[in-house]
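Next come two complexes, and both contain chain A; in the first it sits with chain B, in the second with chain C.
And now, the complex of A and B:
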């Protein structure tokens, strides 16, 4: 065990370990809830949640539902990117849910009322998301309005507005919008042969690779460009960034614009496949944006990590559909995701704990001089960090 | 018109109760973004209590027991926020958001489980408490007086006195302004913050109960409380963290929320033929505008949102 100390102290490994702890604990607590509700079917239900498309015995059906999970993972990836991008700049973009709604409204209306092609629809969805994000950004930068509160307000405003707008393009007899495949097939994103890979699942389109490409782009922007560095510096210390000549107000607005665009695009990646229609009588904001929060934090705020975590979250969300409905409700997977977010709050504690464990061992091994007190601040215990101020 | 007044007062009661909760928590130094989830859990506790109340229980017992259970549920749930944010120094925004999502998900799972255990065909997320609800109402010549209105006023006065006139309240506020200074004169900051969060849980739980029993006729738990926890935070900011101002802010916001319930009763509003969605949006739009104008000179407690660490000075 002693020889593993360096591995335990490596940041990437710690992040991975913390996320795994969150997932395992989250699933375990979810299982306990199931046990409390009805002990007999609990094991079957939790297995169903975790199995999702493995529920189907045959290969092609499995691939088909694997494809469906991926189709819904793409928007989730975009939402989690939106949240992690803003979070790197010190902003909590809970408005991603509303930006997602705005994107959905924009692309569906453009597709069904104006009969646009898929690309303009996608761009309009991005613009709609950016508009909402931009409002939050302006309010934050110039009026000092907390972005969480303005985001929540905009979520509800967006929901009611989109309901009103999309009522114009809904089926006469149901609350759902007209199917894009029937109303305007050219607004469906091309599948580029991908549907063949997934058991002829016609909803598998270029949306999935597009989301992966965007994730890589966000990673490059944040970690490898000056622009990304400036944004992260603003997030770490707004005043220091201002002192160093960075325009912190502009950075806040730009960040939320980008965050909004990402979430808006996420909606387009879902609705332009035709897998779902919008229900114009919805009375709650779709959970995609909120699940994005879970995915972003579970992915350790790393774009590549969020690809994996988004898939996991969507996997269990879809898996919730396979539980025995006479015993449990499918919201059990929402419960598990929310427990996971709650546990993500403890990640800092896990890391500090691991660091201090490692620190103590190192002290006893190498250091004869008096021990520095551990400083459980954000960057963990560094040997020199003990006597700040 | 009486209907508008009635709904305004009831929504204002919800908002002021929850905003007072947020206010106490923030004065102790913890931003309680989980109020929405706390409201749902408090509402769930109260609703279940009402459901299992035997038919014919006297109104007084119904009122007292239901309120106590809602408060208890809110307090227990808010301790999840307290333990992570105070003792483990977790990010208050993340934990608050998690509590909101968990509250709705847990309430839906529990209510559906109860409903389907009673009747396998019942997959709704509603709880029946029609007759129990009547215990809270007193009819005063067309105006339905609700006991919760009185409770909200009492809570308002109580919180104002507690914050400004008692040793506990002043110490609590010190922990939100300058916890290190408070600690140096022997105040246990962690204990004070726990107290702040738990009281906000009690008020939030009570507010949730008021919302589902009086604000709306039937409640689907999968909808949470429709952003009321956040509207309450807007009320609190607009009220500049002061109980008296919070009361006025709550009345204003309550009125706009009430309009969406009763606008069809006004001839000139009904004649304009505006979709109901517009009225639903109104409270949120107003709160955005109000926040834009009032947040600049914010009097927020200075140390709110920063976990207290004994080691840092």
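And now, the complex of A and C:
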């Protein structure tokens, strides 16, 4: 059936196209903002953002910084998977940010205080994320507490708890935790030779392929298994799921457990490379979990799409670092990337728009087919507009 | 040419991808007439009305008001032209009074935004008197009967000085007595010069009240006839394209053992403090169809929720073939042999964004037939199963098993649910308004299917609001009124009038189990 549908009507193509439109629009808007602030350097600045690691002239250097972008993409992929997994079940896991923080706290503490190896650290991070997600899930299932509210609360609770706990393993003179490479090198994830590919970038580890594998697993679970069938049915129509005898309460809890685990694992994939340390004095939840929301939507809520979108978002975030700081203040890179990310939220809007346009063109081009008239059941609903809620 | 038309829809063609919903349809509504629009589900009635209301733009054709061509781009344009509609499902604010609902959107305001309700009240009372529309303007919508709610909707149109009144299947929710009243109101309105478009597929009502009738079939215009020159049989043949058997033919029932045993069942209500179902007891035997009759909202929905496990019971027991299911989960009940065709197919019956094949396995997806031991869905067997049901139950859709359920017509959505529930081979089939919104041909099919189940020795509990269905299909009728069973009737010996009295709570007798 799929092969017969015209290109423009195909769901995958529409998703890709609408994501691209968002990206282009975001870049354009970012450029205008740069123009308004300082017209002289605007072009150079936007090019720098988009070029990111191409900033370096030599091949190996490019590969090295390409590697750095990838290292930070892996946790973003995990956060966006956390968001999209919950979203498919009709839950908005804004608590991913806090689950990510919990994961960071767990793996860093286990690595630095208990001197665990990388795998137990990773598993503990997953468990910590699941704990936070599970609390939201229980509250939602049994007390009908909105998962957004409990998620936001837990973001802050998680942040300050982690700050307190990690103070025990921080450098005496700075707010940052001890470098894992110095404190406990066996907690660094193995690179399995990948570092050689990326200009000896020591931070490139198996975390990157791990994130890809998880994304594929999530895709398979959602689309091919009985479990995914139940979860998506619950997300699409809670009442029908109940009518069909599915245990919606259990599904809600399990979903947020998995979502929490994914976000927690994301943190481990970043901190167990040693590329960053945790600042015990930070007073805001790291943006990774929130960027995960943008990545999930820019990827059209498709696990494979979120691989691409996460890379793009990380690409421009890193690229922001190369903007000329003599012309723009240092926050400009965040501003530009946040404008682009903000625009990414419009993916579904463009998709719906394309659908209705496609519909109209279809109407006028239509050649009659001799068959039973079969009008759409609900007036005004576009047949494929189902995803767009 | 001297004929004066209030509204004319000339040669309207509206195309959707894959179908022509309206193919060159002409509808001419004379001033002061009652004009029926008759057609099966999916015949294009709703599309035509949506065009009239500016919700869709037709590819071809023109609309004329009083002989002048008009463009209707959106519902506001329709409103300005004096076109009003009473929807099948009323659009009223439950916690507002009748008067507040009538003036909603056109509130008479003085300086500073203060309401001038007295003027409005005067106008409403005048209209109410003029057309015999009795309402209590200060009653809250949630407290009044469905009939009065409908009169409120009619007053809403009149208050806006609408000249063209559209009634979309207005009798579906009314008792026989209320239907008679409505007919009289419609005649009064027409006598006062209002033009009425009456959408229905109930032939008796059309014959009783309409002057002319336009028939659509499969998106095509079949014809317009004067009702005084035609018969119900002729109309139904026009509508369906063949002769339809009105009377459900069936052998006498041969009831066997008790399949469903309900004792002292009490279910709470979501909307008010009283229990929705109060200490109800009854049996359903193998090989019989028992119908729960009653006006909508007398506890039928909650009774079914209690039996199928969607709502917890306050008291009582439910047994299926002797097995106590009072505390069983929905899944256990389903696996034990209970099938449920739900009242609301969009709320409960289907996952609209799932494909047809995924909807067809909604009750059985976990069985080894469709799920491997490792928890993966078996796509091949699912597709085969879906194709078999599509074939056997004649479920029509644009792309077969991969069609999104949302894009299917209501009738075919219902067929999919019926196929799924019957193919489960249940001991007890609970069918709640299984023919709701279906056309004559499809209704006949559903009734035949129910009787086939009965003849195969299954027990069948039918909940229906349609009097014809209540009279024709079941072997026993239990009438529900305000959460209680107020009478057991034999459809062979009772009359519609007697049934109506029980349904309205005017008559009752103790029922022994």
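The rule is simple: the second predicted complex is superposed on the first by the 337 of 389 C-alpha atoms of A that agree within 3 Å, B and C clash if a C-alpha of one lies under 4 Å from a C-alpha of the other, contacts with A are read in each partner's own complex, and residues count from 1 in each chain.
The rule is simple: a contact is a pair of C-beta atoms (placed from the backbone, for glycine too) under 8 Å apart; a residue touches a chain by one contact, two chains touch by 3 or more.
Every value quoted in this text rests on a predicted model; they were computed, and no experiment measured them.
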Inset, instruction - Kindly classify A:297 by the partners it touches after superposition: chain B alone (first), chain C alone (second), both, or neither? - result: first
Inset, instruction - Once the structures are superposed on A, label A:54 by its partner contacts, choosing first (chain B), second (chain C), both or neither. - result: neither
Legend entry - Partner chain(s) touched by A:13 [first = chain B, second = chain C, both, neither]: neither
Legend entry - Contacts of A:283 with chain B and chain C, given as first, second, both or neither: first
Inset, instruction - Return first, second, both or neither, reflecting whether A:233 touches chain B, chain C, both chains, or no partner chain. - result: second
Inset, instruction - With the two complexes superposed on chain A, say which partner A:242 touches: chain B (first), chain C (second), both, or neither. - result: second
Inset, instruction - Give one of first, second, both or neither to describe whether A:224 is in contact with chain B, with chain C, with both, or with none. - result: second
Legend entry - Partner contacting more residues of chain A (chain B vs chain C): B
Legend entry - Contact residues of chain A, present in both the chain B and the chain C interface: 373, 375-377
Legend entry - Of chain C, residues touching chain A in the complex: 15-21, 42-44, 46-47, 50, 55, 59, 218-219, 310, 329-334, 340, 342, 346-354, 358, 362-363, 365-366, 370-371, 375-377, 379, 396-400, 402, 404, 406-410, 412-413
Legend entry - List of chain A residues in touch with chain C within their complex: 1, 224-227, 229-230, 232-233, 236-237, 239-247, 359, 362-364, 366, 368-369, 371-381, 383-384, 386-387
Legend entry - Touching residues on chain A, where the partner in the complex is chain B: 33, 37-38, 92, 94, 139, 143-146, 148-150, 152-157, 160-161, 163-164, 167, 283-284, 290, 293-294, 297, 325-329, 331-332, 334-335, 337-339, 341-342, 344-346, 348-349, 373, 375-377, 388-389
Legend entry - Sites on chain B touched by chain A in the complex: 33, 80, 84-85, 88-91, 93-95, 97-99, 101-102, 104-106, 108-110, 112-113, 116-117, 120, 123, 125, 222-224, 226-227, 230, 233-234, 237, 275, 277-278, 280-281, 284-285, 287-288, 291-293, 295-296, 298, 309, 311-313
